[in-house]
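Would you mind keeping the following structure in view while I ask a few things?
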Amino acid sequence: MILQHTADGILSGAIIGLGAIGLSFTMKILRFANFSHSELLTWGAYFGLIFISVATAMGGFGGTFGPLSFGWPLILALVFAAVATSLLALLLHHLIFERLAKVTGHMTMVFASFGVALLLRNAVLLIFGADPIYYSNTLQFAVKLPGNVRVLPDQVFLLGLTIVVVIALHLFLTRSRTGIAMRATAESPDLARVSGVNVNNVVRWVWVIGASGAAVAGVLYGLTVQLRPELGFALILPLFAAAILGGAGSLYGAVLGGLIVGLSENLSVMIIPTTYKPAVPFLLILAILYFRPQGLFGEKS
Amino acid sequence: MTRRLTASGIVAGYRPDLPILHGVSVHVDAGEVMTIIGPNGAGKSTLIKAIAGLVTVSAGTVEIDGEDRTGTPAHLLAGAGVAYVPQTGNVFTTLTIRENLIVGGAALAKAEALARIDEIFTQYPMLAAKRAEKARVLSGGERQILAIARALLTSPRIILLDEPTAGLSPMAAAELFDLVRGLVADGAAVLMVEQNAKAALKMSDRAYVLAEGENRIDGVASDLLENDEIGRIFLGARPEDVA
Amino acid sequence: MTGLIKGCALALAATICIAGGANAQDCPVKLGAILPVSGPMGQVGERISNTGAFAVKLFNEAGGVKGCPVEYVLRDTQGQSAIGVDAAKSLVDLEGVAALIGAVSSGVSLPVLTSVAVPSKVVQVSCCSSSESFTALAEEGKTEGYWFRTYATNRSQSAMGAKLAIDSGFKKTAVIYVNTDFGVGLAKRFEDDIAKLGGTITSSVAYNESQQSYRAEVTKALEGEPDSLFLVAFPVDGATITREWLALGGTDNLIVNNSLRSDDYIQAVGAQYLTNLVGYDSAQPRVASVDTFNELFEAEFDGPPDGPGLHSVFDAVNVVLLAMEQSDEITGDNIREGIRAVTADGGTEVYPGVEGIQRAKELIAAGEAIRYVGATGALQFDANGDVQAPKMTWKLDGETNVETGYMSTEEVAELIKMLDAN
Amino acid sequence: MIGVLSYLIFFLILALTFGIAVMGLNLQWGFTGLFNAGVAGFLAVGGYTHAILTGPARDAVFGGFELPFIVGLLGAMVAAGVVAIIVGLVTLRLRDEYLAVATFGIAVSIQLVAVNWEYMTGGTLGLIGIPNPSKVLADGPLRQNAIYLALVVGVTLLAYIGLQRIVQSPWGRVLKAIREDEVAASSLGKNPTRVRLEAFTLGCSLMGLSGALYVGFIGFVGATDFLPIITFQIWTMLIVGGSGNMKGAILGAMIVWGVWTGSGFAISKVVAPEWQAQSGALQAVLIGLILVLTLLMRPKGMIGEDVTVSRHATDL
């Protein structure tokens, strides 16, 4: 069973990692713990639902890819969700966080992010209702791999997409001027400013990247399980654990952190009762903060 | 002679209710190295940051090339020809040397920035050799050079240096001062804060002495070297400040 | 301290303002309901609440209580104890209700009972709280008789689940259960019961509610290669678990507890995957009253009353209102006695629905004893306010669930007696 | 009007009970700048400790010592304080946002323990039959609640006066100094980590006390009593009332709890039952909005800080 738990852990870890990238960047560049980040996953998943519903209503694009449970609509839904969630994040930034940053300190923004989380979560409840929703009602059956490990084809796609996203982000951060400016701002906002970097722009890019990652994670999560208003809320601790574990601001750190969190959660049930599983990310947070506060990939400040 | 920078009656601080500067006025002309000295806590760094747009100016004006630029955001000042090299953390240690320079050219168009970077690499072969390495591997002196090179990328007319020789060996410091003199020879204006008052005065044209957030003395640098009052102002400060 | 005094004054003024409508007048008669219409249990709570409101509507169409219309005053608990307790208190003090319907989770019902209902001498009837703590409290005399529930306790449920597994020929059963008082109690009893009937448990895995995925729990439950799964869950999480269970190669020999006899669950999983599912449910005795309720419900809501708590909340409302009708004066103490009077053996049987209630009112007016037989059949409250109910078993035929077996209250009692004796 | 009076007493008992926790949070955030996102966890520790110390004996469950009420309250404070010290030693040297995440995780974990450690907490069944001292002293819910309210008022006053003395003492000034500028404070020879730990512990003790008073009043403690959203409610109370001011803490508790219950009352009056599921979400949205708008429009809350010192201006 250890192989099965490991496979499960890697797959759920990939989603946590994707979602944690934005959180990690926010912690580093915006310098506050954004408790509403997980709600962006929820919104991303529901934006994807809107797109798929509309596409289906208009006749759809037909067919599915090989063993996967979906076809083109889902791919386009990923793009649509990323754009829509980015706009939502920019709106929140403009209406709330940017204004707060001007008048108060970053810890006040943590308070605000809790309020925003409550608003976003209940808005989903109001608009879409509490009932869980599935992108597709067809049940996908697991494929048996060597070693008696069962995985869903969709989850393999998910893992592949995560790798693609990470490579794309890597290229963005090392090749584009905006990406380099973003890393510079992460290290020292003041030095970036006097070098001529428009930090406000960088901050907007952080929201866009964070929201897009969250949206993709949300849609993929919705794909492998189901959509409900608490989708993101249930992931708060794993996301923070991944971001802190990897080191705030680190792309690979966030993804690796996500994998570690996913693996630990899934493997933990072999030694502790399943009902204590939600505490596992917290224990990881404590351990990493105690032994290596800057995270695995973080720079010592 | 062209007046590059005029700061008059600057009141500024990190918190609106606790100003550090109480109406400081300085000016720098083209081709001039101007040094600000004074005891710890005099507000020297705050003044330079206020001019660079990093500290909010609550009263007074900052004029650059005759234009009022008070309250302009730092990144726009960079595009307007003001360069600032802070005392600590003056390079991005997590970025490669080439990336540091790319950030330095953020205010320029992309092609222009890349052309300037090539020029800089020709000018400083040491940087070119290590272009793909992270800046954290550089020595103190090398970092200072990278920091200045980064600042020079936009061909600034006003260069603000916060303690450029801090932590450098005497030889490296001398090299750096040579570099600074070279900059003004090309028509830039340099405003520099220095702890090492004696050495700084020796290579400066003019100097201001600040204490407790106010102007105390100013004049031609060589005159100030002999001024007794300076010693009194520095009294109570660490002895090496007047060394 | 001026701020503090101002604050007090403000709070006082606000309370009096909002309480402006509250008074002790006779009409309308108010019935308080404290249910989780939002929060994690919102989906379940909302349907329960609507069914309660429907019972009140029918009662009003039959003329209301003592000629007064009944007002159904609902307050949301959001599944939080502090909010539920406050809501109950404001219903009692500001609205002047003499009886409370609710709550759903025992974690809310218990504090409401101990800090509001019992001290204020108000009757509390829950449709859904299954905790054994209530029985314990009642035995200690701490409920003072103000507590009733129209929901059969875990004891009979676990017995049914075990019997169903053995009758279906399953030998090795895995258990996945919700980590609440309901699930824990039921799963523990089930393990005992199935052992006594000769089955084995391969693993017993608890899950915390409202997780997005249950892969770890499912994988763990798959260990030991069970030939069947006993699932104790509510529809939303239950559907997630079932889908993951089936997707990961788990057997489709499913035994599900009563709260999964719900269209929400079946549609969410997909009926085509549930051909080997068997379930049990309380209530639905073989009496006409149940059919009456089902027809009424279908006419009102365009769907069958499948889902946790619907039958039982309907009866909870009706017994309370009939008890009010029976009383000279509507007080908590009178309702407490009245509930026992209108469900006692020997009275003339009355059914739900406008006509049934009208008949009940006539009989009461004539001074005759009645016995309410409702959506859960003939209710029989024991000394602790608990009921036993008949049981049925069901499976799916296409998308609709069909009854496959029936056990009367007496037969259930006998089964339990047999299990407890071993 | 008896009903209104009775409800008002009830309302004040709960509001003031929360107010004590808000004062504890105020000491941590308003005075020391410590971000405690695990308030619910410390309420739970206090509540369960009180239940274990004062409650009746039960089969297969630890505790049931039937000790006097006051012992339960003190025990709750000690237990919450001990947990705070353990937690604080691990987390207090961290950057602010890490402290927030870590304490948030603590609350989640404490709740898991509450649900799962049956021997200690009664597990999902909770602990029932916790005696309420007012029940011995008087008859009838009105009188009993009046007595309990007097008790809660007394405890609130004690806590208020005690805290006022503390924050005005030299130690209290050190707190503010640390909040304003930790480096400067430590250069003055104060050990900021130690002082922060002391403030954190004291604040958590008050939360434990609040949890104990709640459980003592309700007579029951269960795992769903201290959901993470309670933390959020307590915070909103602090922000609305005005952090850095103990009066504001109490006022904020009353206003926010008043809005919460008042909006619930109003919804039940105005909205038809079948639409109330949506209204419940609206209520949560309302509280979220109050918090965000207060932060934006009136960052100092209803009552500002006693001595105006602009705060955290250097944070960014």
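General observations
So that you can tell them apart, the chains are marked A, B, C and D in the order they are listed, and the count of residues begins at 1 in each.
One rule holds in what follows: contacts are C-beta pairs under 8 Å (C-beta built on N, C-alpha and C of every residue); 3 or more make two chains touch, one makes a residue touch a chain.
Keep in mind that what you see is a predicted model, and the values were worked out from it rather than measured.
No other pair of chains shares as many C-beta contacts as C-D.
Of all chains, the one whose Cα centroid sits at the greatest distance from that of chain D is B. Remark: chain A and chain D have CA centroids separated by 32 Å (rounded to whole angstrom). The centroid of the Cα atoms in chain A and the matching centroid in chain C are 38 Å apart. Between the CA-based centres of chain B and chain D the separation comes to 51 Å, rounded to the whole angstrom. Mean C-alpha position of chain B lies 75 Å from that of chain C. Residues of chain C in contact with two or more other chains: 38, 42, 46, 179, 208. The multi-chain contact residues of chain A, meaning those touching 2 or more other chains, are 125, 130, 273, 275, 278. For chain D in complex with chain A, the residues that touch the partner chain are 33, 35, 37, 90-91, 94-98, 100-102, 104-106, 108-109, 112, 115-116, 232, 235-236, 239, 277-278, 281-282, 284-285, 287-289, 291-292, 295-296, 299, 311-313, 315-316.
Listed in rising order, the residues of chain C touching chain A in the complex are 38, 40, 42-43, 46, 179, 205-208, 210-213, 215-217, 219-220, 222-223, 236, 239-240, 243-244, 246-249, 264, 267-270, 273. Across the complex, chain D is touched by residues 27, 31-33, 35, 96, 99-101, 103-108, 110-112, 114-119, 121-123, 125-126, 130, 236-237, 240, 244, 273, 275-276, 278-279, 281-283, 285-286, 289-290, 293 of chain A.
Those residues of chain A lying in contact with chain B across their complex are 174, 177, 180-181, 183-184, 186-188, 190-199, 299. Residues 3-4, 6-8, 10-12, 14-15, 112, 115-116, 123-126, 128-129, 132, 135, 141, 144-145, 214, 217-220, 222-225, 227, 229-230, 247-248, 250-251, 254-255, 258, 260-262, 264-269, 273-274, 276-281, 283-284, 303 of chain D are the ones that touch chain C when the two sit in their complex.
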